[in-house]
Structures are given as C-alpha cells and as structure tokens.
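A, B and C label the chains in the order they appear, each numbered from 1.
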Amino acid sequence: MSIDLDLQRKVEAILFAAKEPLTVEQIEVRLPQGTDVRAILRALKDTYETRGFTLTQSGNHWAFRTAADLSDILEHQKEEQRQLSRAAMETLAIVAYHQPVTRAEIENIRGVATSKGTLDILMEAGWVKPGRRRQVPGKPLTWITSEDFLDHFGLETIMELPGVEELKASGLLDKRPAIETIPGTPNMFEEEELTAQQEAQESENT
Amino acid sequence: MTDNFEEDNWQDSKDKQESLLLNLDGFEGPIDVLLNLARDQKVDLVKISILELVNQYLGFIEQAKKIKLELAADYLLMAAWLAYLKSRLLLPKEENNQDEPSGEEIAEALAFQLRRLEKIQETAELLFARPQLGQEVFARGMPEGISSSTDAQYEANLYDIILAYGDIQQRAEHSSYEIKPFNLMSMDEAAKRLSTMLGTLPKSGRNTVWATLEQFLPENLIDALMSRSAMASMFTAGLEMAKQGKLEIRQDGNFNPIYLRGKTE
Amino acid sequence: MSIDLDLQRKVEAILFAAKEPLTVEQIEVRLPQGTDVRAILRALKDTYETRGFTLTQSGNHWAFRTAADLSDILEHQKEEQRQLSRAAMETLAIVAYHQPVTRAEIENIRGVATSKGTLDILMEAGWVKPGRRRQVPGKPLTWITSEDFLDHFGLETIMELPGVEELKASGLLDKRPAIETIPGTPNMFEEEELTAQQEAQESENT
C-alpha cells in the first residue's frame, strides 16, 4: 500500500513540532477526515528506523526520539537527574511488573513499610499514577505506570519490560503475601505506628 | 551430619556477618538482610536451605548484640520469628493440623518471598540499565509546539492537584490543633481555696459565721468564663466538703444567696 | 559524493536534540577529527528538502524546522501555557474530591473567599462544569469535574483519586498526628452514591 507522501509530511511535521508525545487521536484531528493515521505512523516508523532520530511509540503516544545507540555523541545534552533511592527503584520495578498493585502488596513484596518519599517521588516524576480501586474491603487504590514511564524507558508497552516473560513464567509475579505470618509485612508496622500514635495522644490527654 | 555441615558454614559466614553489620544502614529491613545472607550461600535460591539461613540470621543478630549494636525492633522480631520457624522445622512433625501451615510450608513461603524480592531487585537494575529519556535518548531540543483544541491552556498535572488538596487538608488539621486551653478553675483548686478561707473566718461556737458563696470567689474576675467556672467549681467543692461533714450549706429560697459555714468536729 | 550514513545519523541526532541552532564548529567538535561537517549538512539538507521538517541555515547556524508550508496544520501557539494559580489549583482539587460541591462549600473548605474568576478559569480550561442545583434553600449551583478533566489527568474515573489517608500512607503528605477528616465534609464518594440514589428515588416519585 502506498502512503500519500503529503500526509506523511504532515504527520511528521506535527510530531516534530509537538512538545510532548501525541496520541493517534491528537494527530487525527489535524488531518482530513478518514486519514489512516496508524498506517502513516507505521510507514514513518520504518522510514526513520535507521536515522539519527526515530519514531517511537509508548502506549498510545508517538514521538520522535534520538536513536539509543547515539548516546555517546549526545553526552553533553545529558540532563541532571535526581538519583533515585534503592527503595524508589525497587518500588518502581514492583509497580511496573506487578501492576496494578496496592501499597500493601508493594510492602509485602519488599518486606518493609513504604517510607515517605518513595511513591511520591515516582509520582512527581510522572512515572506512576493511581489506577482503579481494588474491589475488596477497604477498596485500596492500586498503582500503575504511566505512558511517561514507557516514554522515559523507551518501551512500547509494558510487555516489553526487560525480563517480563521470564518473571511471568517463574510464577514470581504472584503478588499475594508469601505467608501472612512472615514478619516485616506492612500490617505489623501499621499497627505499631498506630499504637505509638495512640500512646502519644493518650499521654497528651492525661 | 547435616547439622555439622551447617555449623561449619555458620562459622565461615561470621566474617561476612560482621561486614553486614557495618552496613546495616544500607539494608531495607530484615528481609533484605536475609536475602543477602541467602545470596552468600551461593546456590540457586530455589535450592536454598532455609534452616541454614535461619542459623545465619540468628548468628547475625547475636553478633549485633555482642557488639552492642542498636537493632531496630523489626530485626529482633524477625529473629524471634525465625527461631520459632527453626523449632518447627526441627521438631518432629505434629499431627496434621489443617489450620496451621507446617514448618516446611512456612519455609517454602519464605523462600518464595526471597526469590521474588531478588527477582525484583534484578529487574529494577535491568530497567534502569535501559537508555533513558534525557540521559541517553533525547527529545527534540527546540519543539515549536502545536496548538490544539483538546490541549489544555493551563499547565497542571495530577500530582499538582493532589498536593494542593493535601495542603488544604493540612491547613484544616492545623487549625484544629490551635484550640487554646480554656482558662478554668479546677475542683482541686476550688476545694483548697474553700478550706483555707473557711479557716480564716471568725468562729461562732463550733461553727464559723455564715458567708455567701460569692465571698469565696477570687477577686477581680473579669473573664466571664472564668467567673462561671470558679462559681461552679466552688459550689461543687462546697457540696463535696458538706458531704464530708466539713461545712454546712444553706439557701433560703430559689435564686437566693447560697451560704456556707465551716464546721469543726 | 557519498556520505558516510553513520556520520549523517550523528549530525542529525545532534541537531535534533540541540536546544538552539548550532554552528558548524559546534557540530564538528562532537565528531571524529577531519569530518567534513559542511558536506554532511548539505547532504542532510537535500535529504529533508521535501519532508515535513527541513534543515535550515541562518548565517552560520543550522537547525531543523518544521516545513514553512505546513504552518496551518500546526497553528503555532500564540500563547504560552499558563500556570494555574494556587487558588485555582486548590479549587480544582476541592471540586475533584468533594463534587458535587457548591461555591460556598468550596470557600468553607479552603477557608478563604473564592473569587468568581477562579471557577471561570477552571470552566474555561474545560475541567469543571456546573452540576445540579442543590435542593436546599437558595438552590445553589453545584460544580463537578468534566470528562476532559479525567482525560487530561489520566484518570478513568474520579474514584481513582487517592484519598487523604492513602496519600499519607504513601508518603505523599507530610505525616502529622491526624484527625481523620475535616468536620463537616462528608466523604465525597458516599455523598455521590447518596445523590445518585436520591436522584433515582426522585425520578421514581415523579
């Protein structure tokens, strides 16, 4: 199938000018009705496959990005990045691989309570966001990764996460508590914290 | 035989434990320490000896106590739990109790927990080894920007909104803590004042002269709330002392003055 | 003359990522000694001549620019995106969490008077819209969030907004000895459900 070169020009101009990755729908509204944007995007992806910048897809969003193998030459462009704590990196990995995942499940997998500044750093970075509430008592919020996360790590979908197939096959994606009695599960910590708080309040009252 | 093997291994790992102890701050809790000890067994985590691991952890805690290192409660809690697990694993098997998992089942669950955490730590490294935007991969440096009817004119993201809401909530919490303590006269204070003042009143036989309740109140009470509370506390203290036989109360009619007089036994 | 494609890729990546137009010399220092940058730039200029973006030269400076003839589909933004004011941000947050909510209630929660302009801005942004009138004396108008709000903030439903306790638990809010809720602000979700029920009943009655 040959793709109208004029439409290709338009799509690449739109993507080139955009500050943020664009959805197919955001591109569609600028083009004549009935334009097959997806087909054009696929053609453009092929066209730029071997160039210095390539057309990348993250979720439903498309953007031009420099080719990953040219990082050496672009060293000077490197932006300063906040060093993430190990806790934050692990938490991000858990959200990415186990999503949708509740905070309690994250704590279960890590074996420690989530400290301040873990999920909020990831949310501030725009990598994780709240997902649906789990339909269990307490309706806990789940956390999922965003399309910015995919864009940042150069992934088309979360199925492209490194090692995801292996992890799935190994049964280690089970996010249930391994066993309720293992210490270090969050419930214990919460109870402790609560007790400490209650005690503090009680001593204030007397 | 097996026990000896484990003992030896435990001795070998003592040096390792000491270096672990020095780095305790770098650990994310007891599970993390366990995982590190497990890695030192240098076998596939699937084949790990939980019993040996338990010994190593208990040894690790012993060492910490010996050099008087302050251990967080969760490390000690884990030690207690592992000691329990060890006894379950070593003791002859009890009658099959459906309600309680067997020692082996608990050990397997712990091994699973460790494998899962190890895998996540590995994949976190794999993830961050990928080319990242702004580090190895770059967006266009000078985007002209496009306008769109669907794009918002205002910059705001979910995080901003949640933070704003959090601020509002915290303001509300703050203001609820700014309630000042009321200035009130306590019962104790009133009782003390009453008995002191009764002692200074002129005597008439076994009793003092009658005095109105108002006369016992502190002078110069301007604050209305304080006046009311002083009146109430004095009256209640008076009732209590009357009950104890220390004074008598008299009121000649509704809304008439209340008189008090001291009583000596 | 054939130009090394690898060098072309590098030059185009450098130009693509650059934050300002670059001189030949600025490009040269990033490439192997003796690279004929001018020749590469000329070749690239030819390559992109007919594309949606072109390599343009002004004086000694080079940059990629979207093709001039496509400006109409890009409609370059005349206005910079504006930052939402503090008042507007808080008002939006309150509408999101407490909807349906009247202006008086918003003021009550914020503790300060809300100018009419604040809600206007949010309406103009397309994030809030008027809801039903409250069935109390004065029949005040309530405000609710729009579909655009969900779209823009990447939520499927309003239920996905993390609750205050969840935020605290996630470390998103500074932890303080807390009172569970502000007095007089009923849980939005409960109220919503209630309203929905009431509406159902009301429509049954009519």
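Here are some notes:
Quick note on the criterion: contacts are C-beta pairs under 8 Å (C-beta built on N, C-alpha and C of every residue); 3 or more make two chains touch, one makes a residue touch a chain.
Please read these numbers as outputs of a predicted model, since none were measured by experiment.
Relative to chain A, the most remote chain by averaged C-alpha coordinates is B. Taking the mean of all protein C-alpha atoms as the reference point, the chain centroid lying nearest to it belongs to A.
The distance from the centre of chain B to the centre of chain C, each centre being the mean of the chain's C-alpha atoms, comes to 38 Å. Separating the centre of chain A from that of chain B, both taken as means of CA atoms, is a distance of 33 Å.
Between the CA-based centres of chain A and chain C the separation comes to 17 Å, rounded to the whole angstrom.
Taken residue by residue, chain C touches two or more other chains at 13, 16-18, 64, 66, 74, 76, 154-155, 161-162, 172, whereas all remaining positions touch fewer. Annotation for chain B: residues 138-141, 144-146, 150, 157-158, 162 touch two or more other chains.
Chain C meets chain B in the complex at residues 13, 16-20, 63-66, 74-79, 81-84, 86, 88-90, 92-94, 96-97, 109-111, 121, 124-127, 148, 151-155, 161-162, 164, 167, 172-174, 176, 178-179, 182-183. Note for the complex: chain B touches chain C at residues 138-142, 144-147, 150, 152-158, 160-173, 175-176.
Interface residues of chain A facing chain C in the complex, by the touch rule stated above, are 5, 8-14, 16-17, 30-31, 50-53, 64, 66-67, 70, 73-74, 76-77, 103, 114-120, 123, 129-133, 140-141, 146-147, 197, 200-201. Put simply, chain C touches chain A in their complex at residues 5, 8-14, 16-18, 30-31, 50-53, 64, 66-67, 70, 73-74, 76, 154-157, 159-163, 166, 169-172, 175, 177. Against chain A, in their complex, chain B makes its touches with residues 28-32, 73-74, 77-78, 81, 101, 105-106, 109-110, 112-113, 115-117, 119-141, 143-146, 148-151, 157-159, 162.
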